[in-house]
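Down below are the structures I want you to see.
Paired with subunit B in one complex and with subunit C in the other, subunit A is shared by the two complexes that follow.
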Partner chain A sequence: MDSHSIIGTKNKKGQVYTDPNHLFFEAPRIPSFFTGSEVIKEAIRRASVDLMVAYPITPQSEAAALIGELYAEGYVTDYMRGENEFGVMSECAGGSFGGARVFTTTAGPGTMRAMENFPMWSGARLPIEMIVTCRGINSPLSIQPDTLEMYFLLETGMLVWHAETAQDFYDWILMGFMVAEQPDVHLPIAICCDGFFVTHTKDVVNLTPVDMCLPPYDPYRSPVPCMDMECPPVRMMRDPFVMKSNYISYATHASWQQEIRAAIERSRKHTIPLLGGLIETENADAEILIVSSGTAVSQGREAIRLLAEEGLRVGLVKIKSVRPWPYHEIREATKHAKHIFVPEFNVAGWMAREIKATVPDSDRVVAGPQVAGGMTMPPEVIVEHIQRTLGKSVATLAARGS
Partner chain B sequence: MSKEKIQICEEFFDIMPPEYQALVTNATWGKEGRGWKDVGVNKELIEQHSLCAGCPESMAFRYILASLPNPEDTVMVGSTGCTSLVFPHVGIHNIHSLFGNQNAVASGLKRALTLRFPGKVKDVVVLAGDGATVDIGLDYTLQSWFRQEKFTTICFDNELYANTGGQESGLMQKGFVAKMAPMGKQFDKVRLPEIARESGCVYVVNCTVSKPSLIEKVVKNAVLIAREIGPTYLQLYTPCILEIGKNSMEGLQEMRDAEKPGERFAYKEYISDQAKAFLTDLAEKEKAKKASAKEALAQA
Partner chain C sequence: MNHPGHYMVRPGPEAFLPPAAAAMGNALPDPGQAHINGRIVPEEEAFQEAARMFLGGTVPTIFPGPLVLWAWNEKAKKKATAIKFLYDTLKECAPAGAQPMLIPMPDYRPKYPKINPEVEINPNHPNLTIWHNKIDVCMFVGVHCHQANLSLKIIRGGTNCYTIAMCAQAGHEDACLSFRDASVEKIMHLAEWVKKLKGTVPFGALKKHVAALETQDRAGGVRS
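== the complex of A and B ==
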């Protein structure tokens, strides 16, 4: 099936299968006031999804249930509640092995429970899209926003994007399918956002027309055969390398893993035109930069405004894609910076570590401020962190109340 | 997929493996009467295997593959263990993803095939060991039955973890001394056939693989009933001769001993009324077809 041949035809809901570039960049946009969860629903309404597997876990439960409504309305072909996230991700795998466009959402402990599936997804080249509405994974129990779980996804072989706003989220959910399903990529994608901050707040989002949708997934545009018995079965090997200890087995596994890393890198050429680059910069020539991803970027913007009022010029680098990692882009964007601040919503500071491993003179990188466990990051905290590092006297937030 | 889709280009025909040549020239695909008697003549679905010499699982594999009613449109799902050493040799699409998630994968797969091929039969058959089915994967096994997912689950019950070297499993007999059960297993063999019945399986059989004709019958029943009515479950004794201290030629006798009346693999079947009516109807149609063929022959 050639997916391009059906462009311009209608699906059973009367939506027109639309060329993705037209949909993203030329079609009219309708401003709408929605929560992040509702935005997920509206994106999936237009995404020609075959199968959604749902499971309740805060803060993605609302979105997962709203997509059930889409199924009841006929916008999603099949929908089921899994038994737990390990099962959910395996059900997603089965659907994708069988040639369906598969979507799921998860968060925090759910991501951790499902973890064994993610390297399997990428190893099996399954272009499943998974929304991660990040939340704490620590004990004692927390349901609050925290991006530590993203760190565990970095080397699974998935594409990992980190949305800052509901608008990012809307666009990237649609674009994510288009990148993940390219034959020279064909990998699962995790589109992450900071739970609650994005999912449970309302924002103006410019939506594409409701009567336009993505072209369907074509499972035969794939580097591996679709498991549907519609192409000749192949005995893969005389001497299966699954559990063998010999050089050809090692070489097969090593090259398979290398190919997945190479496919992640190949996704750049599809991602850059759609997302407008893997990073976005503002005043990158400033001596002081804030570099981060997700809503830490939004708080960074506010901090930059406050610092400008005090006469301090600070630039911004927003990282959109964490895998592939924008190595050269970050080196280029930070080459003038004397101080690189990395605000993060997790206790580990993994983003700062990634940046330290990327830029020359990594002493320039200041990890922090870091908040965790659901704490908010008021812009004043970032301002204070920058001022203190620069040796300026600060009126601390704590002092303010006394 | 029709067999006609599978062709070998002329120049490469002579260097293709013999069983692949057989698949193109002499396959049993699409033949209604295919069954265990084809084993040894038609090798299109499996020829070699990499199991131990004399392993009953290798014969069980052959009987099952020979008995699938619709191999040209069947996708199998395996799990980690000795079966995952065989599946790479099998000539129908098969999926290995993780240890224990086979029924979850099969649930997603069956749904994908159903929505992508409306009006066409695509069978899904899970084949996994007892560790995968009953221990690590029990949740997913049961949940797929609760949800009434329409596919067949086959468990190769060798009553231990064979591939990792003979550790205790839930389907092991009580008292058996094994790795990780140094004092003998402390609790009874899990009664999965009964649990299957209570969990919504409409056809359940517990037996050994000593009789190929029996395996042909129960596999066909299980696949056809799953296609039309609901989940089906076969628990087949495939003893691990290596780990129970038997020789290569002793597997068959071990199975015969285990299927005697009162033994744990004495033939046991549960079938729902609806499934029973379905089989009766099927048998009557078959009978009528044979009668009319006979009549046509007599008239000619």
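== the complex of A and C ==
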């Protein structure tokens, strides 16, 4: 099917297949008050999805169930429940190999259980969109917000975006399909948000009209045959080149992996116009910067306001895309900074590590504050962290009430 | 990691494992453009350059892939006819001594125990066909993009073959020269350029051109 030739025609629900740029940037927007989970449903209602595979795990369960309603209403062509997350992601692969636009949602331990599938998806050039509503992955069991699982996704060959707000989430779910399905990209995409903070809170989100939808996926533009059991990537385990022990077999594997990374880099060209850049900056000329992604950015904004009241000017860098990594953008945005603070909702501080590996004079990077296991990150904690680093005497927030 | 500026993509042998050009910061051309050695140029300039490379080679070869070898739709049939026309034009216009070839890539299955390099090329070990036939300039057409990129990079890594991609999608950074949005008209236009330049390119001129490219740095002062 040629996606372009059906622009302007209607699907079985009466929605008009709409040019994506018109849908994203020109179509009227309707302010609506929704939870993040409801926003996922509304985005998928407009996304011409062929197959959704669901499995319950907090905090994405509500979204998965809501998309079941879309299936019942006829907006999603097929809807299946997997036997576990590994099964879900394998079924997603089958659907995508067959030429369907595939969507799924997962979180925390579910992401970890399914992990083997993600490099397989990217190696097979399957443009599956997966929502990750991040939660803890530690033992003892936690269902609370924590972004550690994103760290595990970074080298899977997937595109990884991190939404700050429900509005980001809505727009990026739709835009993600358009980037992931480009023939020169054609990779799976993980669109992450911080569980509960985004999924279970209500916010005003400007929705595109319900009678407009994305054009369908065109599998004939895929960089690999959309389904051919005789050819790699499908018959991977039976055939050489995987089994041969010689230079060219290894070189083919290496070239294959390089090609996946190359495709991630190619996605920049398509992502930047849609997301308005891989990063967003405010007062980047300030000597002190807060650099982060997800809701840590929201908390950073409020900390900046509090610090401004005390006469301290602090700038902000919001990282939207973690893969591709905005290497040059971050170097440029932080070139004036003497202190770069990286607040994170995980104990590892992986975002700070990425930034340290990116900027010159990485001693400028201060990893933290970090919270984990479901803790909130009050803006005062960021303020305290900055002031303490600058040598100012401050009271510890946690001591309040003692 | 993305680096500013373009990385010069030229014939190898480049390295034990050369980098993907996209990872070195090379971008694909927009509609109406092409790239030559990683430099974005107007498409017309690339037609002329591709014709010059074809005519300057000693064994200029076209590698048609499954998308044009099998008559799976009308467009494929027309493209196949145009490719045959280009090949015939090349035979007619190439300088004396040149041996144009048309070698198919019928599918992507790794061929073991041994590929027959005289009759086919395979994306998993394309160097074998290049080496066996002493191919010094080639054009991929009708090959799925992933498989073409795999081939182009392996060829660049281990052979001295100048690669051209006539891509129906967005093009290929890992080719020495790449078109995008390939159509019957574009294939025929390349054939026109071959005709137009007939007699103007001396036999073996490609070798000198590649030698000249080799005097230039690839990127960042690194010559490999």
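Going forward, the second predicted complex is superposed on the first by the 386 of 402 C-alpha atoms of A that agree within 3 Å, B and C clash if a C-alpha of one lies under 4 Å from a C-alpha of the other, contacts with A are read in each partner's own complex, and residues count from 1 in each chain.
Following the convention adopted for this analysis, a residue touches a chain if its C-beta (ideal position, glycine included) is under 8 Å from a C-beta of that chain, and two chains touch if they have at least 3 such contacts.
The shown structure was predicted, so the numbers you read here are calculated from the model rather than taken from an experiment.
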Contacts of A:Arg261 with subunit B and subunit C, given as first, second, both or neither: second
Partner chain in contact with A:Ala308 - subunit B first, subunit C second, else both or neither: neither
Touched partner set for A:Ala251, first subunit B, second subunit C, both or neither: second
First (subunit B), second (subunit C), both or neither touched by A:Val224: second
Which superposed partner A:Gly87 touches (first subunit B, second subunit C, both, neither): first
First (subunit B), second (subunit C), both or neither touched by A:Met375: neither
Contacts of A:Asp184 with subunit B and subunit C, given as first, second, both or neither: second
First (subunit B), second (subunit C), both or neither touched by A:Ala72: neither
Doubly contacted subunit A residues - partners subunit C and subunit B: 225, 228, 230-232, 235, 239-240
Partner subunit C, residues of subunit A touching it in the complex: 125, 182-184, 186, 221-225, 228, 230-232, 235, 239-241, 244, 248-249, 251-252, 254-256, 258-259, 261-263, 265-266, 268-269, 324-325, 327-328
Residue ranges of subunit B in contact with subunit A within the complex: 1, 5-6, 17, 19-20, 48, 50, 72-75, 77, 84-85, 88-98, 101, 104-117, 122, 139-140, 143, 147, 163
Of subunit C, residues touching subunit A in the complex: 1-2, 4, 17, 19-23, 25, 27-28, 66, 107-110, 112, 124-125, 127-128, 144-147, 149-150, 153-154, 157-158, 169-171, 173-174
Contact footprint of subunit B on subunit A as seen in their complex: 50-51, 53, 77-78, 80, 82-84, 86-88, 90-100, 102, 116-117, 120, 124, 225, 227-233, 235-240, 242-243
